[in-house]
Every structure is written in C-alpha cells, then in structure tokens.
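Presented sequentially are two complexes of subunit A, the first with subunit B as partner and the second with subunit C.
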Partner chain A sequence: MMTNAMALAGVVVREMYRRKDFYVLLILTVIITLAMGSVNFFNDDKIVRYLKELCLLLIWISTLVMAISMAARQLPMERESRTIFPLLAKPISRGEVILGKFLGCWFACGLALLVFYVFFSVLTGVREHDLPVLSYFQAIWLHWMMLGIVTAMVILGSLIFAAPSSNATISFVVSAGILLLGRHLNKVALQMSEPSSTILYTIYYNIPHLEIFDVRDLIVHNQPPIEWGWWALATPYAAVYIAIFLFAACWIFKRKSLSA
Partner chain B sequence: MQHSPMHDGQRMTASEPILKIDNLRVEFRVAGLKEEVKVAVDGLSLTVNAGEVFGFLGPNGAGKTTTMNVLLGFVPPTSGSAYIFGTDVSQPIARQRIGYLPELTYYYRFLTPEELLRFYGRIFRIPKDQLEKRIDEVIKLVELEHARKRQIKTFSKGMQQRIGLAQAVLNNPDLLIFDEPTSGLDPIGRMKVREIIQRLKNEGKTVFFSSHEMGEVETVCDRVVIINQGKVREEGQVTDLLAKHQMNLEQIFLKLIGYQASV
Partner chain C sequence: MKRPGLIIFALLVIAFSLITAISPHQLAWAEQSGRGQSLVARFMGDSREMFANQIFAKGDSYMHSGYYPTIFDGKKLHAPKAGESAEDHSAHKHDENGRCLADEGETDFLGKPLDWIDSFSRHFFITKHTHLENGQEREMLPWLKLAAEMDPSQVDIYTVAAFWLRTTVGKPKEAEEFLREGLRNNPNHPELLLELGKVYYENFHDVDRARNVWELAKMRWYKVEGPKEDADTLLLEQIVARLADMEYKAGNYQNALVNYKLLRQLSPVPQVIDEHVRKTQEMIDAQEKK
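Up next is the complex of A and B:
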C-alpha cells in the first residue's frame, strides 16, 4: 500500500517543483518582506517585530494558498487529462490513489515550508542575531500539521464540488474563517438564543481547530517554546482529522463512476 | 512479480475464456431539461479466448469505450457481468497481468517518458535493475529514444499515443486491452502497432482492441465483433465473415450498421 502511495506522492512533489506557482509565492513573500524591511534602517525593536509578523503572515497565506490550490487540482486534473484511466488500470487501488495524492501534496507543503522558514530564519538572524531553533522547529511542525488537515479537507472537497475553483474558494474561506474566528465561536454561541446557539456549539466542538497550530505570536514576541506535551498532543489531533477526511474521500471515490 | 488467479488455485482451465462479457448493460443518466437515460451498452455478450487477437468494432458512439471502462472497473455495469481471467471485474481484478491503452489520454505533462514509465513500473513492483532494462526496451519499441528525457507536454499527439503503447506493454501483460491504438499515428506508426500486436500474438498474449481501421483489423485479427448502439450485430472469425458475406470487412461493416451509399 505504501509503495504505491509513495510512488504517486513522488509524482505530485515533482509537479510542484516543475510548476511556477511555488516560486512565485516565495519570491513575492521575499520581495514584500524585504521592501518593508528596507523602509527603516534602525534596529528598532518594534519594527523588527512588525517585520516578523508580516513575514509570518505572508508565509501563512502563501502556504495556505499553495496547499489548497495544489490539493484542489489533483483529482480533477487526473480526470480532465484522463491520466486516471491508465493509472487505475494498474494494480493500485482507489484508496491508494487518495493516500498518494494526500501524501504528495503534504510533502510538497513540507518542502515549501522549509524553504519559507529558512528565509524567515535568515531574516530574524540578521535582525536579531538570534536563532531560537526549538521554537522554530515547533512552529514549522505545527504549521505542517495544520496544512495536513487543510490538504485532506481539500482532497475530500475535490470529490464533492464539481469545479476545482469553487472547492478552492470554499476551502480557503473555511480555513481562514477557522483560523480567525475558530476560538471565539463558543463565546459568540454563549450570547445567542436557541437554536442558533446549539448549532454554533456543535460547529465549535466538531471543526478542526486550525488556530491551535498557530504559534506565530510566540515567535514574534520571542517567547519560549510551548510545552512539549501540548506540542506532542497536536500531532494526533491533526492525525484524527486527516484520517476522517481521507476515509470520507476514499468512500466517495470508490463509489464514483469514472467515464469521460 | 506475476501473481495470477490462475496459479492461486482458481477453477480456471486452459479452455476457459480470458475475457467474458455476459449480457452487459450500461445506462447513463443524462442531465438535461428532463432526466433521460442513455443506454450505452445493451445486452452485450462476448468471449475472448487465450491467444486470440480480437477486434472490437463499431461506429462512433457504439459503446466500445464504455464496455472497456466496465472491463477495467471504471464504470459499474447497470446489469450483467464481465470476467477477466475468470474474476468478476467488480472484484479487485488481476491488473498485474493487464496492459491497457486508453483512448485520447494525455500523460502527466511535467514528467518525461522515462519518469512516467519508472512510476508505473514501481506500481507493478518491477525490480529496479529489471525496470531500467524494460524501460529501454519499450521506449525503443515505440521509437521515442530521441525524446525520452523531454517533458511530455512538448509532445505531439502521435508521440503521446506512443507513450501510451509503451506503458501498456511495460509489465509484459497477458491480456492487452487497446482502445483505438492507431488513432493519431502516421502510416509508419500504424504499421508499427500492427507489428507489435502481431508480436504479442506470437508470444501467446491475448489482445482485445477497438479500431476504425478495417484494413488493419482484417490483417491482424483472428476474430471480430461488430456492435452498433450497444448491441452485437455480427461476430465471428474474420475468414468466416469474409466468406459468408463475399465482401471485405469494411463493406460488411457498412452494410451491418445500415449505411446506404448516397452517390
């Protein structure tokens, strides 16, 4: 099972580095950050923080856009270019195709994250003469887990929504919505009347809380890393959601009739 | 590498057909103003025996591709059944031993032929050292040596079709299912395909293919079936059909699908 999935994942990763999107996002992030950074020449504490915040925000947006657009086009592209037919005619199951696509997108995101954070480390290293390796490691890891949930969700979406663009848009709105509002939903629910209150609580307790993977504030303010116990818990939390999304995707894909 | 139901103690004997389609019916729901049901395959039955080259003929829209899609498990039959190597196609079938060439396919545009074949070879679990040798062989077979390190997106239609052939024979399959293997190829390419089919036959393989080239079918096929609107119109040994109708295959084809010359 893993051999087939990894072979397919290799194709997805190869696609990422042969396409231009990733480089465009990377260069944009670098240029915007450096342009903002060059506005001041003093090592003002506030300015450095502001710069870090901006750079991290750009990294979050870029990787989210990349993860969503990449995952959203995988299965529709296979159908459209009809590569799914010679592929499924080989001894590979539809479940392995889903898993391979997910792993490929997720590994590609991991590679992109490394590149982005290397730039971020260089930037902060130059400005602050400090490199909190452990904090950064935690941040990258959590970020990667978060992208895993998003990728799995988008792959499921690509089997539900007909158009890849609507899937990508909805996924982006949902992910950004959870990141921005996810932690406040229960407070909002508290002030609501029934039945909207119950509905909102149900949503609150079931959505993947992507915002818990976001430790940007700690990095911007040079706080110590979070407790390793909490950090370790985040991984199975992500794994559960990834598994749910991928199982649902397999269930749908196995029942799909693939013609024309 | 070769895991086959034949060796796994199934009730398969030498005389049992490699491919068997039994009263197959495939309907599509066509979303329109009101929902309609389109019958693509209508009570189709046929058998293909080991070592045969079998031509699957019919006009555009006759249901050839749809039938092949059922054989490979892409489309579930509405009713009826189909078996490959004695296994129902709704089961995870013995794909290890099948080579499939789809119609009108583009392969991963950003890969090179080598990379593509290496990817498929991994799925077939061909050991690394054997795989490289096999890739050389099939690339040579379809005459793409000059382009083996170029991304597929730069290829012409015929070159894409050649890659399709290369991937279909990569695993040295016992049953080949080709959907219009010569479409888009130049005369030399067509001759090459005929040669490949002939060679596969000499190696004892079974070939099941659709085509619109009657001359080609007449020269390479042992047996043919002609279908129209999802139904069998004629079936038999090529030599028998020619003797029975006293005309060439193209004329038989046109007569059976009810074509009247307008001039």
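Up next is the complex of A and C:
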C-alpha cells in the first residue's frame, strides 16, 4: 500500500517545484522581511524581535496558503483532466490515492517549510548572533504537524465541496478561525446561556486545535524549548485528526461516482 | 507612420495635455488634505487612530515578553497610565529569572486550566510573566514608533519610548528627537516638556536647558490643565518636584524654596516636603550670614 502511495506522493512533490506558487511566496516573504529589516528605528540595529514576528507571520501565511491551494486542487484536477481513470485502472486503490495525495502535499509542505525556516534562521542568526536550534526544530516540527492536519482537512473538503476555490476559501477561513479563536472558545462558552454554551463547547472539544502548534511567540521572545514530553504528545494529537480526516476522505471517495 | 503608431502618439499627446491641466489642481488638493503627512497618515486617514492603541498594547506585550491577556481573558495585566507604566515596571520586583513578583495574583490572568485542552495547550505558549531588561527594552520601540505614527496625539507613546531610550537603551539623543517630534505634533504639551527636561538634566547634565523646559512645562500646565476640573495635579507635582530638586542641587536656594513650598501644597505627604523646606531655609540663612 505504502509503495503505491509513495509513488503518487513523489509526483505531487515534483509538481510543487514545477509550479510557481512556492517561489512567489518565498520571494515575497524574503523581500518584505528584508525591506522591514532595513527600516531604521532610533538608530538601533540590535532590535530584532519585530522582524522575527513579521517573518514568522509571513511564513505561516505562505505555508498555509500553499498547503490549502495545493491540497484543494489535487483530486478535482485529476477528475477534470480525466487522468483519474487511467490512474485507478492501475493496481492502486482509492484509499492509496487519497493517502498518496496527502503524503505528497504534506512532504511538499515540509520541503517548503525547511527552505522558509533556513531563511528565518539565517536572518535571526545574522541579526541576533544566536541560533536556538532545538527551539527552531520544535517549531518546524509542530508547524509541519499543523500543516498535516490542514492538508488532510482540505483533501476531505475537496470531496465534499463542488469547486476547489470554494474548498480553499472555506478551509482558509476555518483554519484562520481556529488559529485565532480556538483557544478562547471555552471561555466564551462559559459566559453563554444554554443551548449556545453546549453547542460551543461541542465545537471546542471536537475541532483540531491548530493553535497548539503555533509556537511563534516562544520563538519571538526567546523562550526556552518546550518540555520534550509535551512536545512529543502534540504529534499523536495531530496524527489522530489526520487519521480522522483521511479515513473520512477514503470513505467518501470510495462511494463517490467519478464520471459525474 | 502607420495608423497604430499615430494612435499611440495621439494618446500620449492627450495624456500629456491632461496631466498639465490636472497637476495644479492635484497640488492644491494635496495642500488642503495635509501635505507633509506621513505615508501611513495619507493611506489610512483618521482610521489609523483606531489601531494606535492595539499597536501600543503590542509594545506593552513585548515588555512582558509575550505574556499578555487577550480580550477573552477579561483581565488586564496592568492598567496604569502608559506614562507611569515605564517607571512602574522598572520599580517592580523580580526573581533571579526576571520573573515578575509584583501583584502575583493580579498578573496571573490565566487562572487554573478550564479543561484538558486548556491545560495541554499551556505548554505551547508563554505562561510566565517576565519583563525585558538589560537594554532589551529596545525590542518594544518599533511598536511605539509605529503607534506614534498612527496616533501622534497620544503623548504617552512619546514619553514611554523616551523613558526607555534615555535610560536602559542609552540613546538620549534619539529620546530628545522623538520627544521633539511629539512636541511638533502636540505643541508645548507639559508631559512631553517634563520628559524632555529629564533628558537635558539627567542625560546631558544641561541645567539651564532643563530649567527652561521645566519652567515652560509648569507654565503650560497652568494654562492647559489648570482650568480643568479633573486637572492632572500629579503631573504638576512631578514638574515642581524636579524643578525644586534641581534648583537645590544647583545652589539656587531661593528658587528651590519657592518650588518646595508649592510642592508642599500639592503633595499627599506634606510632612516629607516640610523637611526639604526646612533644609532649604537653613541654606538660605547660612548664605545670608556669609
């Protein structure tokens, strides 16, 4: 099963570096960061945290856009160009197609993340003369796990929503909403009356808490690395949601008519 | 010349003619709508004032190393005037790790975790209250600069930035420039003048300029704040206290006495000022005997 899925993933990864999205986002991130880095604040060249914050924000936006747009077009593109039929004619199951597409998008995001974080490390190394390798490793890993959940969610969305554009928009709104508000839903629910409180609590307990994986503040404010035990626990937390989304996607894909 | 070439040439002539006709009007419009304004002001207009408080709060969150409540927490970390917070912060007690020990109950806005997700997620964001120190306060300065761009009428932004610039960051020249920028936007504001006097007196040791600036601050206070029902008497107290101490140290005991007597009326603890009045009077008596 994994051989077929990995072969398909390889095709998706190659697609990423043929397309221009990644390069455009990377160049934009580099240009904006360097332009902001050249701004003079009170003739003090030791000021660096605002730059780290801006650069990490751009990296997060860029990778989120990349992951969502890439995952949203995988299955619809195969259907539109009718390449899904010769693909499924080969000894490959629909589940393997879903897994292969997911792994391809996820690995591609991982590669892009590496490039982005290398730029970030160089930037902070030059400005701050310090490179907290362990903290950066934890941040990249958690970021990648978060992108795994988003990618799986978008692949499921591509089987539910009619067009890739609507899937991408809804996925982006949902992801941004969770990142901004997910942590606070329980506090809001406490102040609400029934049945709104129960509904909000149900949402709170069921959504994937993407904000857990967002450790930008720890990096920006030079905090020590997260305790390894807690950091490691975030991986199975992400794996559970990835599995839920992929199983749901497989279930729908197996019952979906491809000719329509 | 072929037809398409002629059309392009004609369009260019029309465009050039139009720009010569529009340009004078455009210049007049630019003058009316505030020429010399910053790029931010031109793009955002009055809406930028809405963002100024948010950006100022961002600077404050940097001061607390990212440990800062959101609107959902329903609590504030500190709620003093921004101008006071800078000096208040430096007066807070900290443990050896820089962790804030002041008002431990007040600063713990997170409370106990509400559920397992809340408990788990707390390992992934900042939950310890520490302050920037040893010159690292510079990290909040970009946000203060941006906040001042957004709302130049907020004098607190200038005084807070100037305080850190002239103290731990060690850039009094930049503090003076920033305060002067504040004074251009808020002419003769007593709070800005007080802070500017501190730069001259404490950093440049220029007694004469400090005296002039503080005297102007006092005068402006009576003109701006004096008529108000809720006048900021703490500000006047600070100005007069600075003036009195400076005059005493400079040996101008008569001026010092005048200011100490005024300070006695303003101070919540006049007994403390009585001691200064007595000492100054003794110095005047000693001078007269000589």
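Methods note: the second predicted complex is superposed on the first by the 252 of 260 C-alpha atoms of A that agree within 3 Å, B and C clash if a C-alpha of one lies under 4 Å from a C-alpha of the other, contacts with A are read in each partner's own complex, and residues count from 1 in each chain.
Just so we're on the same page, contacts are C-beta pairs under 8 Å (C-beta built on N, C-alpha and C of every residue); 3 or more make two chains touch, one makes a residue touch a chain.
The shown structure was predicted, so the numbers you read here are calculated from the model rather than taken from an experiment.
**Q** Per the contact definition in the header, classify A:88: touching subunit B only (first), subunit C only (second), both, or neither.
**A** Only subunit B; A:88 stays clear of subunit C.
**Q** Touching A:188 in the superposition: subunit B (first), subunit C (second), both, neither?
**A** In the superposed model, A:188 contacts subunit C only, not subunit B.
**Q** Please indicate which partner A:14 is in contact with in the superposed arrangement: first for subunit B, second for subunit C, both, or neither.
**A** After superposing on A, A:14 lies in contact with subunit B but is clear of subunit C.
**Q** Go through the superposed model and pick first if A:26 touches only subunit B, second if only subunit C, both, or neither.
**A** A:26 sits against neither subunit B nor subunit C.
**Q** If you count the residues of subunit A that each partner touches, which comes out higher, subunit B or subunit C?
**A** C
**Q** Once the shared chain is lined up, is A:217 touching subunit B (first), subunit C (second), both, or neither of them?
**A** Touch partner of A:217: subunit C, not subunit B.
**Q** Once the two structures are superposed, pull the subunit A residues common to the subunit B and subunit C interfaces.
**A** The answer is that subunit A has no such residue.
**Q** Enumerate the contact residues on subunit A facing subunit B in the complex.
**A** Residues 3-4, 7-8, 10-11, 14-15, 18-19, 81-83, 85-86, 88-93, 257-259 of subunit A touch subunit B in their complex.
**Q** Can you name the residues of subunit A that touch subunit C in the complex?
**A** Interface residues on subunit A, with respect to subunit C: 39, 41-44, 46-50, 142, 183-184, 186-188, 190, 204-205, 209, 211-215, 217-218, 220-221, 223, 226-227, 230-231, 233-234, 237.
**Q** Which residues, counting only subunit C, touch subunit A once they are in their complex?
**A** Interface residues on subunit C, with respect to subunit A: 62, 65-66, 70, 72-74, 114-115, 117-118, 120-121, 123-126, 135, 138-139, 141-143, 145, 165, 169, 171, 174, 178.
**Q** Under the stated contact criterion, what part of subunit B meets subunit A in this complex?
**A** Interface residues on the subunit B side: 28, 66, 69, 72-76, 92, 95-96, 98, 100-102, 104-111, 115, 119-120, 122-125, 151, 164, 167-168, 171, 177.
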